[in-house]
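Here chain A shows up in two complexes: once beside chain B, once beside chain C.
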Partner chain A sequence: MNGQYASLLIALPLISAFFVPLIKGLGKKAVKYYLVAITALQTGIAAWVFQQVYTSGEPIIVMAGGWKPPVGINLYIGHFAALFVLIVAAVSFMMAVFSIRAVEVEPIDKYAMLFLLLMLGATGMIATGDLFNLFVFMEITSITAYALTAYNKTGEAAEASMKYIILGGIGSSFFLIGVALIYGATGTLNMAHLAQLAGAIDPTVAQVGLALIVFGLAVEAELFPLNAWAPDAYQAAPHPITAMFSAFVVKAGLYAMARLLYIMQAAESWSSVLKMLVIMATLTVFVAEFAALRQRNVKRMIAYSSIAQIGLIALAFALGTQAGVDAGVFHMVNHAIVKALLFLAIGHVAVTLGGTSLEHFEGLGKRMPLTAFAITVGAVAAVGIPLFNVFWSKLRILLATLGAGYTWAAALVLIASVVEAVYYFRLIHTMWFAGEGGRIGEGVAVSVILLVLVALVIVIGVYPDYAWSIAQKAGSDIFNVAQYVKNVPLMGVGA
Partner chain B sequence: MISVYYFGAITLILIGLYAVLVKKNLLKILIGLSIMETGVNLLLVSVGYVAGKSAPILSEGIGPAQAVDPIPQALVLTAIVIGVATTAMALSVAIILHEKYGTLNVEEIRRLRG
Partner chain C sequence: MLKRALAIISLLIIGYWLAQGLAGVPFGEDKMLVGQYYLDHVKEQTGAVNAVTAIVVNYRGFDTLGEVTVLFIASTGVGALLWRKKRERTAKTEGSIVLTTGTRLLVPFVMLFGVYIFIHGHLTPGGGFPGGATIATAFLLLYMAFITYEIPHKAFEKTEGIVGMAYVLVGLIGLAIGGYFLYDWIWQDWKFGADNIGRLFSGGFIPIIYTIIGLKVGTELSGIIDNMLKEEVSE
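Take a look at the complex of A and B:
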């Protein structure tokens, strides 16, 4: 089949979001099942794209309107994008199933629309090959994220959303200034064309532009000075949305950051921006892990843990070596699985028992054994115990960090991992060895999803080689810019 | 010498940033955000300005050679709409905040902590 059909990845959620008000006439249940059907279809398309890209080894380039880049906008679905589009779609599907039980606040039609647009925005951010198009998709993602954070209509939700809006507004303004500077210096917005011209930019302009772009994306990607919104938003948002934030919205921001960094690697002042990012990422890991230690609300605790893991990924991307980028991609995949599992299970507990403070988790092992088991696997995996998936990616990130010569960063990250173990084992202890209670029904659909995710965690943990080979291919998609430029059929304009 | 447009745009951005960082009233912060967005848009448009050229509309006597760079104008058009959408979203959240907390002082809106 023609690769141009991959544009359905963008078109399908957009069109189906517009049809939600029509479906609403059929009743509230219909909207929820419609959401499940569309996300299932999206997963199917994403799986087809994934299979196409990984069997042929060639990226799919979608050209908007038949204009060749850099005149038209192109989507670049290489190894990385194919992998993450699949993850975005699969996580969305799972959360759509979870939403049937978890979301009871009216109005459901707006929820469904925003849900689809959030999926659209993340997919677009990952697939696009154009700088300004990236900005537009980033804004689609963040505006839907603002709205979904405030969806519960409590004071806390509005407060969290407001913090997010203000920081996100500053971030997107900075991003746009960076785009203006880089456009002013090169006269192009296409990433492949930009990579060709990057070497010739005035180093100061490149440095300031790139730093502003990294700074702007750091709001979406939750890096240290700009992540104050994240734990609030995670705590106050509806439970399925929290899982989506952690599993792919942040990843999209991180990926965009990594892609732009490596596109510009020919610029002279490149390494100073990388050094800034290493410091930001290490501080993110360190601060977030210590903040998680003193949380009494479990959802907020996992939110801080999620931020710390993101810092680890950013550290891997900022090393500027092939090994680091591969390890970062591997950790992105593993973290998406583990955090989807954890937030799903914790959301499930909150929906069933009515809260996420630590007291609600007492005796969970006796009341909801399957969910407690899923949380335990997720927690043990997140700490990085051997035979679970995160162990392999954390190990690779540490090795890559040492390989790049940042011993202090590796040491700080290791210390933070010890702290992480402390609060996760406290949670496990509370679930299994404290409190009493009778069994509560756990719901078939959510249990099946939890078991699938647990199986993924353990299978990747025991047989990491296949997942690692995929991560390596996806990593070289980001790192190997020469190949990226060669893959995009640039028209002979300008330089 | 720095062009007056660049200077003005950067000044607007800094004024907006100042308002966001210093003001305590939520609405003033949102005004600051809007000013900042305006500054960014002005910067984008001035990047595409070519001295002595006219608007990029093909009509009698004006060919492609006499036009300023049209791309930043398309970018700004998009960015303005996005800015308005963000502002509308923020204002509706501000209304909910005022309903639930009875104040718009950002120092008193502090239920989530830790």
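Take a look at the complex of A and C:
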């Protein structure tokens, strides 16, 4: 089949979101099952694209409108994008299934539209090969995220969304100024074309432009000084949406940051921007882990833990070495699985028992054994115990950090990991060794999804080689810019 | 006082830093790499004489599809956040006779002008977004002048969805005929209006897309106005 059909990844969620107003008369149930069907279809397309890219080893270049880049906009679905588009679609599908039980707040038709558009935005951010198009997809992602954060219509949710809107608005204005500066200096917006011209940019312009872009993306990617919105938003958003934030919305921001950094690596002032990012990332890990230690609300605790893991990924990307980027991608995959598992299980508990404070988790081992087991596996994996998937990626990140010569960063991250173990084991202890209670029915669909995710965690933990080889391919997709430029059929404008 | 002083100082530092960056951008020099290509080829490749709309709808149509989506999200988001079971307009004072009569006379003209703007997107400045905003202004006028006026919600919501789907469908037809998403088959394959450049029936699919965008933006902004003007009433 023609590679151009990969544009269906964008077209399908769009057209189905626009279709929702026409079927909302059919009732709540219909809209929810429609959502499940569309996300399943999207997962199918993403699986086809994944299989195409990984068997041929060549990226799919989608040229919108048939115009060759840099005149038109192209999507670049290489090893990285193919992998993450599949993750985005699969997680969305799971959360659509979860939404059938978890979301009872009206209006459900608007929820379905925003849900689909959140998936679309993340897919677009990961797939695009054009700087301004990245901005457009970032806006789609973040504006849906603002609306979905406030969706529960409690005072808490409104406040969280307000914080997010203000920070996000400032961040995207910075990003836009950065894009304008870089366009002014080079005269192009295409990433591959930009990579060719990056060496010739005035070093100050490149530094200012790149730093502004990194700052703008740091709001979406939850890096230290700009992530104050995240714990509130995670706590207040509907449960399926929280899982989507953690599993792929943040990742899209991080990836965009990494991609732009490596695209501009020929610029003279590149290493100073990297140093700034290493400091920001290490602080993110450190501050978030210590903040998580004090939380009594489990959902908020996991939210802080998620931010800390994101900091770890950002650290890996900021090292500027092949080993670091590969490890970062590997951790992104593992973290997406583990955090989808944890947020799904905790949301499930909240829906069944009516809250996420630590008291609700007492005796969970007796009341909802399967869910408690899933949370335990997720928690143990997140700490990084051997034979679970996160162990391998954390190890690789630490080795890469030492390899790049940042001993202090590695030490701080290790200390933070000890803290992480403390609060996760406190949660496990509360679930299994405190409180009493009788069995409660756990719902078939959610249980199956939880078991699939648990199986993934353990399989990757025991046989990490296959997942690691995929991560390496995806990592070189980001790191090897020369190959990236070669793959994009530029038409040689103004050369 | 101290806070304000610190804020001013840090703003000055950031401003200086940005100015340093701007000083390095070569303004006024020939940096038109891609821009020059657009100017040289816009007429033969898209059939539009308005280069901006040709870029926005045709060369970089993907971005416009995204922007339309952003607006759709804004209106959906407002709708989701202000949703209540029963809401009504609770305005208290009727507009003066001058205002209501003036509105009655003006609304058709404003609407007509909005339609004019989006139909002539490939010829004159403007296009779908300003045209749609103008149409929404007409509805805003009606809301301001009459205390009971309401837009027909059901029809507006459905129109919004249908024109949005129409945009994506035009793109998908391009994928089926020309092999690329958002491919302008009307101009590139059929050469429709090739001897007619600069007149109404030309410009490939730009007028079609702009009609879609105009309707979409018009209904969406009117919907936002409607949502924001209503208050919850207890039953």
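We adopt the following convention: the second predicted complex is superposed on the first by the 494 of 495 C-alpha atoms of A that agree within 3 Å, B and C clash if a C-alpha of one lies under 4 Å from a C-alpha of the other, contacts with A are read in each partner's own complex, and residues count from 1 in each chain.
Note that in this section a residue touches a chain if its C-beta (ideal position, glycine included) is under 8 Å from a C-beta of that chain, and two chains touch if they have at least 3 such contacts.
This one's a predicted model, so the numbers in the text were calculated from it and none came from an experiment.
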item	value
Touched partner set for A:72, first chain B, second chain C, both or neither	second
First, second, both or neither for A:166, with chain B first and chain C second	first
Partner chain in contact with A:438 - chain B first, chain C second, else both or neither	neither
Touched partner set for A:184, first chain B, second chain C, both or neither	both
Partner chain in contact with A:386 - chain B first, chain C second, else both or neither	neither
Partner with the higher number of touched chain A residues, chain C or chain B	C
Which superposed partner A:62 touches (first chain B, second chain C, both, neither)	second
First (chain B), second (chain C), both or neither touched by A:291	first
First, second, both or neither for A:139, with chain B first and chain C second	both
Touching partner for A:150 - first (chain B), second (chain C), both, neither	both
Overlapping contact positions on chain A, where the chain C interface meets the chain B interface	132, 136, 139, 143, 146-147, 150, 153, 177, 184, 189
Chain C contact footprint on chain A (complex, rising order)	2, 4-5, 7, 10-11, 14-15, 17-22, 62-67, 70-73, 106-107, 110-111, 113-114, 117, 120, 124, 130, 132-133, 136-137, 139-140, 143-144, 146-147, 150-151, 153, 177, 181, 184-190, 193, 202, 204-205, 207-209, 493-494
Chain C residues touching chain A - in the complex, by the definition given at the top	17-18, 20-27, 31-38, 58-63, 65-67, 69-70, 72-74, 76-77, 79-81, 83, 85, 157-158, 160-162, 164-165, 168-169, 171-172, 174-175, 178-184, 188
Interface residues, chain B side, partner chain A - complex	13, 16-17, 20, 26, 29-30, 33, 36-37, 39-40, 43-44, 47, 71-72, 75, 78-79, 82, 85-86, 89-90, 93-94, 96-97, 100-101, 109-112, 114
Touch list for chain A against partner chain B, complex	132, 135-136, 139, 143, 146-147, 150, 153-156, 158-162, 165-166, 168-170, 172-173, 176-177, 179-180, 183-184, 189, 231-232, 235-236, 291, 294-297, 300
